[in-house]
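See the structures that follow.
Presented sequentially are two complexes of subunit A, the first with subunit B as partner and the second with subunit C.
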Partner chain A sequence: MQRSTANRLTPYMFMAPAIVIMALALMYPLGYMIWGSFRDWNPSQTIGEAEFVGLKNYITLWGDPNFHESLGVTLKFAFFVVTIEMVLGVGLALLLDRDIRGISVLRTMFILPMMIAPVVVGLMWRYMYHPTVGTFNRTLDSLGIPRVDWLGDYALMSIIIADIWQWTPFIFILSLAALQSLPRSALEAARIDGATPWQQIIHIKLPLMMPVLIVTALLRLIDAFKVLEVILVMTEGGPGLSTEILALRISRTATEFRELGVAAAMSNYLLILLLLLTVAMFAFNRWQETRAARVQALVEEDD
Partner chain B sequence: MASPNTKANPAFYAVIALLVFMSVGPVILMFANSFKLDVDIISGSSGLIFLPTIQNYEKALCDVLWYEPDHVDFCSLKFGGAFINSLIIALISTVLTLVIGCMAAYALVRFRFMGRDTVSLSTLMVRMVPPAVLLVPVFGLWNNEFCLDRDGLIGGAIRDTFGGRGDVCLAGTHGGIILIYVAMNLPFVIWILQSFIVQVPRSLEEAARVDGAGPFQVFFKVVLPLIKPGLAAAAIFTFRIAWNEYLLASALSDRDTRTVPILIVNNMSEFNVEWGVIMATGMLLAIPPIIFTLFASRQIITGMTAGAVKG
Partner chain C sequence: MIKGLKSTAVGLTTMAFMAGAAFANPYAEYEGTTLIVNFPAHPHYNAAMKVLPEFTKETGIEVEVDQLPYLKMRERQTLELAQEEGEYDLIGYVVFSKADYVFADQLENLAKYFMNPKLADPSYDAADLIDGYVENIGVAGGTKGYLPGKTGSLFGIPFGSETSVLAYRKDIFEKHGIAEPETYDQLLDAACKIPELEPGMGGMASRAASGHQASHAFLLHLAPLGGRVFDEAWNPIINNAAGVEAANALKTIVDCGPEGAMSFGPSEAANAFSNGDAAMFMDSIAFMPGFEDPERSSVAGKVGYAMHPEGVRRGSQTGGFGIAIPKNAENKEAAFLLMQWLTSKKGDLMVAMEGGNPSRFSTYQDPGLNEKYPFSATFGEALKYADPDWRPIIPVWGKINADIGTTMSKVLTEDLDIQEALDGVAERTRAVMEDAGYYTWQ
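For the complex of A and B:
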């Protein structure tokens, strides 16, 4: 009797610590943030002392040109980063998908940029982009080409390049894994039927990889909205607001402008945006999966 | 999947060499610069020929060195202390996350709490939350709500022992930072470990149970040894996030609990950057992840692909 009670309680005992911690440090803060976003709240007050202002923070933000600018920068950054990284990463995977000796060493080198702290990545790139001592402008100088003001006029492009450097390997490794787990029969059949390499890629490899690619793109997209440290170290959001992505603006609103309520409302906007994107990608994924299954069935029929 | 007609040609290897150069180049550049004097960095006398010096490292680590380097007049950069803080926080939060996450993943798989889909969906949802979004609530809660009253029993005892004013709060302690890191990493760890535990044959556990092992013994003696690769992957990812994170740590730490990323950012934002020293601190911060990468790249790739490819 005692024993069976213990057994029945086991799963709950195993789950309890995780649930308690996540409720306390993840769910409760999120709820707290939503509550706080309706208040005029500064860091020296407790939330109870802050005045309730209803939707004021949200409305202020809705009409705030700085917020629009920042939102635009975030979307632009996320769009370019994900698109370029997907094209490069998948392209490289298709190109390098053959038996090379020492592929594991190669992969090790490629994951290095991802493992290093974003702060350090920002530091390295800030050095390389430096107008006078930086690597790029030195190289341009020695080639006799006029210098480029990397972190000035082209700041957004420069942070996009840095992010591409750091995260293309992620997509490369995932798509290579996907590519190498494709059913060989389909590729074999296509080759026997005389499909050119291009036809193989477009009609067989890419459609079959699609589910993985979608998930990869989704993960990358989510992470693109989280990038903060790299940009903070490289440009601190400047010049002007040209690289101030939302995450950075939230942290500045909270720490510099000391408007926790507004920062919370901004966080909520960001969360809603991400939620919409995730749901959209999931729906798309479902649809693609059914389509991919159909393609696969067709390919197998042809065998 | 080498097709017979694609013989490896020089151009192919050139592409690979270029890629390797591009991904490793900046790291090597930083490594080289961390051994240069600022004068050499700024004058830019050719990249690789220079007299290496460890002055930058001495300057960065001046608070934990056993001797006093002559070129350091005043130890402004308390890097050693920050390094120790980073180590404490990253190690403890990794261990806690693994233990708690492992137990939860096991319960989820074996006792059929929720479907696999629910877990992956909620993992994705949590993964979606940027740290910046947590900044405001965590700052507020850790400073105002997660406190022990200074007049209370435990809070009073802590104030008597350690001094200080006001209520005893989580903000500014190692524990506060560890708590948020554990919470942030748990969903991902549970997700990864789950995909490994699913592969442990149930019959193995039943055999152990027939032999008289209790649920905890089954878990520790049978399941844990079998999912070591998963544990390694989860450990590396958790450690990496805890070690590299800046934003939440900067909101929650005080002078004594500062971690390395905070120190680097603080020194960067000044107008006149001392490149040599800052590169040395950056290199020191990058060393543990680099070591992991070199020795456990297989586990890292497992961890990365487990999510996306297995779905």
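For the complex of A and C:
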């Protein structure tokens, strides 16, 4: 009896350290943030001194036009960044998935941008976009084309370009790895059946890569919602609020407006949004897999 | 051997006694104390750190400095001051922290130190401290809560404070026969004339980037043009005629300014001026020494300095940093001695000679300093008109400031109607103030 109890408990005992660490490192700060979001809390107070205000912070945010604008900017930024990066990254991977001389050097060079510290990337692009001495405007000058006020009139586009430059390589290397681990037999069969390269890509490579691509897109999406330093250095959210993405607004709310409760509530909104997106994406993936399995089962039945 | 030591000891004691009788050393009691101070990374504090060894030599009090970028410093202090026992004995604080720290009762009231005959130096001459700075940075509890007045008292001493002056290109102004701008009309006129007369050169370089920078630039014009953010009863009046005029002034300056001026921070504006891309620059005195450094500036020797032009009144900015003793400090008395030494006539001059911003009128008149930095006398004159109330220092200011800044940025970039934009700011500001309890008595 006792031995069986001990046996039953063994797995839990092995899991206990992991659970404790999870609870301390993940759940505690998260709980703290949720708890803080119900309070009118300024950084000169300890959390205990802060007044409990219930859902006030969430309700205020719900009606706050600045928050709406910031959320809009974030969604726009994330959508464009992830879409364009996915297209470019996967495209590049399909192009470079072959034996060309010096391909390994080329691949290493492609992933350089993502190894640079975000603050440096921000500064670099800020100087390149500089209205008078920046690389872009000087090039335009020498071509006789009128100058563009990159960080003024086209600020959001400019930061999207910078982000694409930095993060396309991430999608590129993951897609390349996925491509190279595809079953060669399927591709060979397709070739023998006379599929054109386009048909191979659309009907074989992309569907087989899909699970990896979904995870990659998800990782990029989560990251795009949290990007802070590059934008902070390049535009500080301006002009107006045109590039103030949520992460930047949260940081400003906490340090500049000194409203920790509101900042926490905003973080929770962001968290909920990301959770929903993640769940939706996984659900989509699962649905596709089951559908594929069903199709396969039907095909096998037919055989 | 032992005998020798003994006689030395006796000798030393006698000497100490004699010295004590002839000249009491107020620092003796604190000799060997180590003070931990928190300073911002700022040219003034870099200069101060160069004279700290002199303080240690003179007093025997050691000083350890924890220097941080000023926004980081503020975050750190906010956490540190809320502790039971703090790490810092003396802090350099940025002016808008005054409201937060004093309101949270985290700074020592300095009265008890200046009352203590063992600590207060009778030759300190507080009257020589620059009025605008003391009122803006040091005193709280008087008029409107953040200004001096009969109910106010002193919580800090200005150290590394700044005001605004106008720097302009003497050569360009002379070439086209434009007079040194003394009024706002002349300033705006010159700002838009220059791009026509000197193609490729902007009139005036100003900060204008979204957020704090644009708000700062707007407020810089608001006070001299007769405006205020609030009236005496905390009603927002930022959208009155003076407010609209100030916003118009900023828009004119940016429109006639160097290319890309809409996204300038202060250092970019200063760079535009020192590269020769703009003929004027009006901002903090902290930038001015850089223009005279031939290695970093292509306009060295060609720059004239004038007072912040007059609108309906004179009103240059006040801001920068002060030093204060946290309530939870360990060595408060020794910290006071350091504070007093640094801001004494002698200390202030020493820091100024190393490139710091003086806190005293007498320092600006010093012949040695004027020889090294020829613009010092002008600055001293300008400081007589420094306006301690050019921006409110209240705990909710951060939020209002950000709103003014983003709205101004929209005015500059998206051509938002100025009156409408300022009405919006006033309305949102009222809601913030209402929420913070400023209308409880109405």
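To be clear about the criterion, the second predicted complex is superposed on the first by the 263 of 303 C-alpha atoms of A that agree within 3 Å, B and C clash if a C-alpha of one lies under 4 Å from a C-alpha of the other, contacts with A are read in each partner's own complex, and residues count from 1 in each chain.
Throughout what follows, a residue touches a chain if its C-beta (ideal position, glycine included) is under 8 Å from a C-beta of that chain, and two chains touch if they have at least 3 such contacts.
Quantities reported herein were computed from a predicted structural model and do not represent experimental measurements.
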| item | value |
| --- | --- |
| Which of subunit B and subunit C A:127 touches, first, second, both or neither | first |
| Contacts of A:95 with subunit B and subunit C, given as first, second, both or neither | first |
| Which superposed partner A:146 touches (first subunit B, second subunit C, both, neither) | neither |
| Touched partner set for A:252, first subunit B, second subunit C, both or neither | second |
| Touched partner set for A:46, first subunit B, second subunit C, both or neither | both |
| Subunit B versus subunit C as contact partner of A:30, first or second or both or neither | first |
| Contacts of A:270 with subunit B and subunit C, given as first, second, both or neither | first |
| Partner chain(s) touched by A:236 [first = subunit B, second = subunit C, both, neither] | both |
| Which of subunit B and subunit C A:194 touches, first, second, both or neither | neither |
| Touch count on subunit A, higher of subunit B and subunit C | B |
| Residues on subunit A lying within both footprints (that of subunit B and that of subunit C) | 43, 46, 132, 236, 255 |
| List of subunit C residues in touch with subunit A within their complex | 71, 74-75, 78-79, 81-82, 100-101, 103-104, 106, 209-214, 258-260, 262-263, 265, 277, 395, 398-399, 401-403, 406-407, 409-410, 412-414 |
| Touching residues on subunit B, where the partner in the complex is subunit A | 1-3, 6, 8, 15-16, 19-20, 22-24, 26-27, 29-30, 33, 41-42, 44, 100-101, 103-104, 106-108, 110-111, 113, 124-141, 144-145, 179-180, 182-184, 186-187, 190, 215, 219, 240, 243-244, 246-247, 251, 261, 264-265, 268-269, 275, 278-279, 282-283, 285-286, 289-290, 292-294, 297-298, 300-301, 304-305, 307-309, 311 |
| Contact footprint of subunit B on subunit A as seen in their complex | 6-7, 10-12, 14-15, 17-19, 21-22, 24-26, 28-30, 32-33, 36, 41, 43, 46-47, 92, 95-100, 104, 106-113, 115-120, 122-128, 132-133, 135, 138, 165, 169-170, 173-174, 177-181, 184, 187, 191, 197, 211-212, 215-216, 219, 222, 225-226, 228-229, 232-233, 236, 246-248, 250-251, 254-255, 260, 263-264, 267, 270-271, 274-275, 278 |
| Residues of subunit A that touch subunit C when the two form their complex | 42-46, 66, 130-132, 147, 149, 151-153, 155, 235-241, 244, 252, 255-259 |
